[in-house]
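Chains: A, B, C and D, in written order; residue numbering restarts at 1 for each.
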Amino acid sequence: MSYKFEPGHRRDRIHEIIFEADTLEGKIFDVVLLVMIMVSIIAVAWESLPTLDPGTKKRLYNLEWLLTIFFTVEYFLRIISVKRPMKYITSFYGVVDLLSILPTYLSIILPGSNTFLVIRALRLLRLFRIFKMANFLIQGDILLKSLKSSMAKIIVFVYFILVMVCIFGAIMYVVEGHVNPEFDSIPRSIYWAIVTITTVGFGDITPSTALGQFLSAILMITGYAVIAVPTGIMSAEIFKKQRRLMRSNRISTQACRSCSLEGHDEDAVYCKFCGDKLHTDDNDR
Amino acid sequence: MSYKFEPGHRRDRIHEIIFEADTLEGKIFDVVLLVMIMVSIIAVAWESLPTLDPGTKKRLYNLEWLLTIFFTVEYFLRIISVKRPMKYITSFYGVVDLLSILPTYLSIILPGSNTFLVIRALRLLRLFRIFKMANFLIQGDILLKSLKSSMAKIIVFVYFILVMVCIFGAIMYVVEGHVNPEFDSIPRSIYWAIVTITTVGFGDITPSTALGQFLSAILMITGYAVIAVPTGIMSAEIFKKQRRLMRSNRISTQACRSCSLEGHDEDAVYCKFCGDKLHTDDNDR
Amino acid sequence: MSYKFEPGHRRDRIHEIIFEADTLEGKIFDVVLLVMIMVSIIAVAWESLPTLDPGTKKRLYNLEWLLTIFFTVEYFLRIISVKRPMKYITSFYGVVDLLSILPTYLSIILPGSNTFLVIRALRLLRLFRIFKMANFLIQGDILLKSLKSSMAKIIVFVYFILVMVCIFGAIMYVVEGHVNPEFDSIPRSIYWAIVTITTVGFGDITPSTALGQFLSAILMITGYAVIAVPTGIMSAEIFKKQRRLMRSNRISTQACRSCSLEGHDEDAVYCKFCGDKLHTDDNDR
Amino acid sequence: MSYKFEPGHRRDRIHEIIFEADTLEGKIFDVVLLVMIMVSIIAVAWESLPTLDPGTKKRLYNLEWLLTIFFTVEYFLRIISVKRPMKYITSFYGVVDLLSILPTYLSIILPGSNTFLVIRALRLLRLFRIFKMANFLIQGDILLKSLKSSMAKIIVFVYFILVMVCIFGAIMYVVEGHVNPEFDSIPRSIYWAIVTITTVGFGDITPSTALGQFLSAILMITGYAVIAVPTGIMSAEIFKKQRRLMRSNRISTQACRSCSLEGHDEDAVYCKFCGDKLHTDDNDR
C-alpha cells in the first residue's frame, strides 16, 4: 500500500525502508543497521581495555562519533516518517533508540558516560523481527506470558528470600563479626547471605567459626532446596500455556447444526447448548 | 460494626485503626507503621557499619529508642484492643511483634543484642494484607500448600543429602587430611562437602590431591544431577495444585437428572450423554 | 504371632525387640540404638578436631570402643534371632551393620581407619521405619522409583557431560596451559571444567587469558542451560508417577454387572468389554 | 544377508566386523576398539602431567603412535568396506574418526597439537550401539528431540541473558572500574557478569564497593530466579514428549463403525458410546 505521486510519498518511502523489512531496500537497511550496532558495541567494549594504545583509541573514538551521527540521523528519520511520532518516541524501542545516541553527546560534558552505549544491545532485540524469525517471536511471547502470569508467585518468593537473607545476615554478623573482619557490617553480611543462598558462592567472604559454618550449611541447603520453587512455578506455567494451546486444538471444531454453537468436547454426542444430536464430521470421515 | 456510645467503644476504635486497613485512619496507621519498620531495619544495618562517625551513631541510637518506644506502645495497644489477648500474644505475629521490641531493651544489659532488631523484617509480611494484594496472598498460599504437601518428599531428600555429605566428608578427610590443612577435621570436611554438593563452591576449602579432585568431581556431578529431585517434586506439586484449582472451576459438579452422569462443563445446558436438559443449581442462585 | 513356651521362644523375643518397633521394649531399643548411632557419629567427627586436648581424645576413644562393642553384640543378636541369617547378612542393612563395626577393630592394625565409622550414618535410614513414618517411606519410594525409571536418561545425560568436559578441558589446557600454571595438565583442566559446568565454581583454578575467559563463558552458559535437562527429566517423571497414582483413583471403581470386568472410564455408558449397558453407582446416589 | 563366493565378499566381511556388532568377530572388534580409545584418552591426559619423568613420556609417546596407526588402518578399512564411502566420510562419525587420527600426524609439524586427540572421546558415543543398549538410545533420542523442539525457546532465553550481561557488565565497569582493578575493562566485567548470573561464582573478580555489591545482589537473584526458565521449558517439553508416546500406546486410533466416535482404550471391545462391537484392526493382525 504505497501511495505514489502524492505529497506523503517520500515519507512513506522512508517509512518502508526504515521500519519494514519486506522490500529489498528495507532488508539491506536493516542488515546494515544490525552490523553497525554490533560494531558499535564491540568498539565500546574494546575502547575500555586498559592496555589500548593511543592510536587505536583515537580511531575507535572517531568510529564512535561516526556511528552516533548515523544513528542520530536514523532516529530523526524515524520520527519524521512515522504517522504518530509521539507514540514512537514514548514506545520501548523509541526510548532505547534515543538512549542509544545520548551517551556520546553526553560524553562531551561528562567523560566516560559513553560506556552506556552498550544499551544499544537492546536494539538487537529487533533482530528476530528483521529476519522474520516468527517462531522465535512466538516462543519469546510464550516465555513472556508465562513470566507475567507467574510474576505474583515469583515476587512472593523473592520477598521471602529477601526477609530470609536479612535475618541470616544479621545472625552471621553477630556470630562472625567480632572474629572475622569479612563480616564487619550487617549490609556486608546480607550481601554474603545473598551470595550464599543463590549458590553463587564467590568466596570473597567466608565464615571462619564452627558456628558460622554450621549456619552457612543451613543457608546453603535452604537455597539449594528452595531453588526448586521458582523452577516449579515456571515449569507448571509453561506446561499449562502449552497445554492450553494444545487443548484448543483438541476440542472439536464442529458447530452444532441446530444452534451453531461451538466448543463441544470431542466425545460429546449431544449439543451441550440446545440438546440436539451432534452430527459430527466423524461420520464423513 | 462499630459500637458507638458504649463502654467498649474506644477499644473497638483502636482495634479498627491498628488491626484493620479499611478505614482511612487504619490505612494511614499501617503505612506509617510500614515506613517506620523499614527505617528501623535500615538504621540497624547502618549502625553496624565500622566506618561510622560517633555523631551519626548517636543519632541512629536515639532513633532506635524512639522507634522501639513507639512499637512498644503499639504492642500494648494491640493487646488491649484485641478481644482474646492471649490468642494474639501466642500467635505468629504476636511473637514477632514482641521479639521486635525486646532486643533494644535487652541491649542495656547485653550490648550488641540490638542487632536482632532485624527480626522486624518479618513484620513486613503484613505488607500484602495492608495493600489488599489479594492475588499475592493467594499465590503465597498456593506456594505454602505446595511446600507443605511436598514437605515429606523434601525431608527425605535433605536427609539423603545429609547422609551423603557425612560419608563424602569423612572420605575427603582421610584422602586430603594429611596433606591439605584445609581438610583438618571431619566437621570442616563435611562443611566443604555441603558447599560443594549445593554447588555454592566458596573456594575457601579446595582439594589439592588428584584423588581428592576426582572425588570432588563425583560429588559435584551428583549435586548437579540431584538438584533435579526437589525441583521435580515442586514442579509436579505446583502443577497438581493449579490443575485442581482449574478443574474445580471449569467442570461443574452437578449430575444430569436423567442419566445421572457428571463431568459437564460449567456452561453446559444439556447433558452431553443423554441430551436431557440439565437442571443446574444456577437456576436457584 | 509370638510362640510362647516353645524352644524358639527366646529367639523370637530377641527378634521382636531388635527388628520390630511394635512392642514397648522394641521401641525403647530402637530409640536407644538411634541415640547411640548419633552419639557415635558426633564422637568420630569430634575426635578428628586438630585442637582436641589429649584428655577428651582419650575419653572419646573409650566411648567409641564401648559403642562398637555394643553394636557388635547387637549385630550377632540380629544374626542369631533372624530366621534366614544369610539373607540378613547379605542384605543392604546387614552389610551396613557389619561395616559400622569393622573400622574400630581395623584401627588396631590400621590407625585412622576408624574415620569410616561415619558409615553408621546409613544406619539412620532405619529412622523412618522405627517411628512408623509411613508417609515418608512412601514418598521415599516414589522418589526412588522416579530415579530408577529416569536412570537411563540421566546416565545418557551424565555421559554427554563427561565427553564435554573432556573436550573443553583439553581445549583450555591448550589455551591457558602455557601462561597459567593452574592449567598445567589435562586432568586438572578437566577437573576445572567439571567445577565450571556444574556451576560450583570454587575459584581455585580460573582462566587468565581473554580467550580462556571467553571459552569459560560458553562452558558456564552451557552448564546453566543444560542443568534444565535432568531437572526436566525428574519433573516429568515424578509428575507421571503421581498422576498414575491419581488416575487409578479416577477410573470408576464399578464393575460391569454382566461380565464383572472393571477399568471403565468414568464417562463410559456401555461396558467396553461386553457391550452391556453399565449400571453405574451414580443412579443410587 | 552376507553374499558368499562373490567378488565383494571380503569387503562385506570387513564391513560386518567393523560396522556391525552381531557376529562374534564384530563384537570382539568393537570391544577392543573401545578399550583402545579409552587407553588413548587416558594416555593423552597422562602425557600432559608436568611431573612426568622422560621414560614414561617416551613410552606414552610410542603408545600414542601405535594407537594412531591402528586407528588410521581402521579408518581406511571403514572407507573401503562401506558401500558409499563419501556418505561415511561426510557423516558425523566419519568426521570424528578422521579428526581422531589427524592430531598425531599434525604434531610432527605442530608440537602439542596431539592434545586434540581427546576428540576421540566422541567416538565413545558408539558405546550404546555396540552393547545394544537400545533403551539408552531411545532415551537419548527423546532428550535430543526435546532439546530440538525447545531450541527456539532456549535461544531466545540465552539471547536475553547475553543482552543482560552486556548491560550489567557495562554498569559494573562504570561503578567499580575506577576503584577496583578487577573490573578494568568492559569485556572483563561482562565475563564477571556471566560468572555471576550463571551462579558459578569463581570469586576471581568480586565487587568491592557497596553499590557494586548491591548491583551484584540484584544480578544474582535474577540469575537464581531466571534459571527456572530453561528448566521449566525442558520439563514441559520432556513431559509432553513422554505423554505423546504414552497416549499413542494407550488410546487406539480406531473409530467405532456404528457411531464413528474415537478415543476408545486399546483394550476396548465395545464402543463406550453406542455399545456396538468395535471392529478393531487387531482382528486382522
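In the analysis below, contacts are C-beta pairs under 8 Å (C-beta built on N, C-alpha and C of every residue); 3 or more make two chains touch, one makes a residue touch a chain.
Everything numeric here is computed off the predicted structure, so don't read it as measured data.
Chains touching both chain A and chain B: C, D. Least step count on the touch graph, chain A to chain D: 1. Averaging Cα coordinates per chain places chain A and chain C 40 Å apart.
Distance between chain B and chain C, defined via averaged C-alpha coordinates, is recorded as 28 Å.
Those residues of chain D in touch with two or more other chains are numbered 157, 187, 199-203, 227, 231-233, 235-236, 239, 273. The touching residues of chain D, counted against chain B in their complex, run 199-203, 231-232, 235. The residues of chain D lying in touch with chain C in their complex are 41, 44-45, 48-50, 112, 115-116, 118-119, 121-122, 124-125, 128, 135-136, 139-140, 142-143, 146-147, 154, 157-158, 161, 187-188, 191, 194-195, 197-204, 227, 230-231, 233-239, 242-243, 246, 264-265, 267-277.
By the touch criterion given at the top, residues 152-153, 155-157, 162-163, 166-167, 169-170, 173-174, 177, 184-187, 190, 196, 199-203, 206, 210, 213-214, 216-217, 220-221, 223-225, 227-229, 231-233, 235-236, 239-240, 255, 259-263, 273 of chain D touch chain A in their complex.
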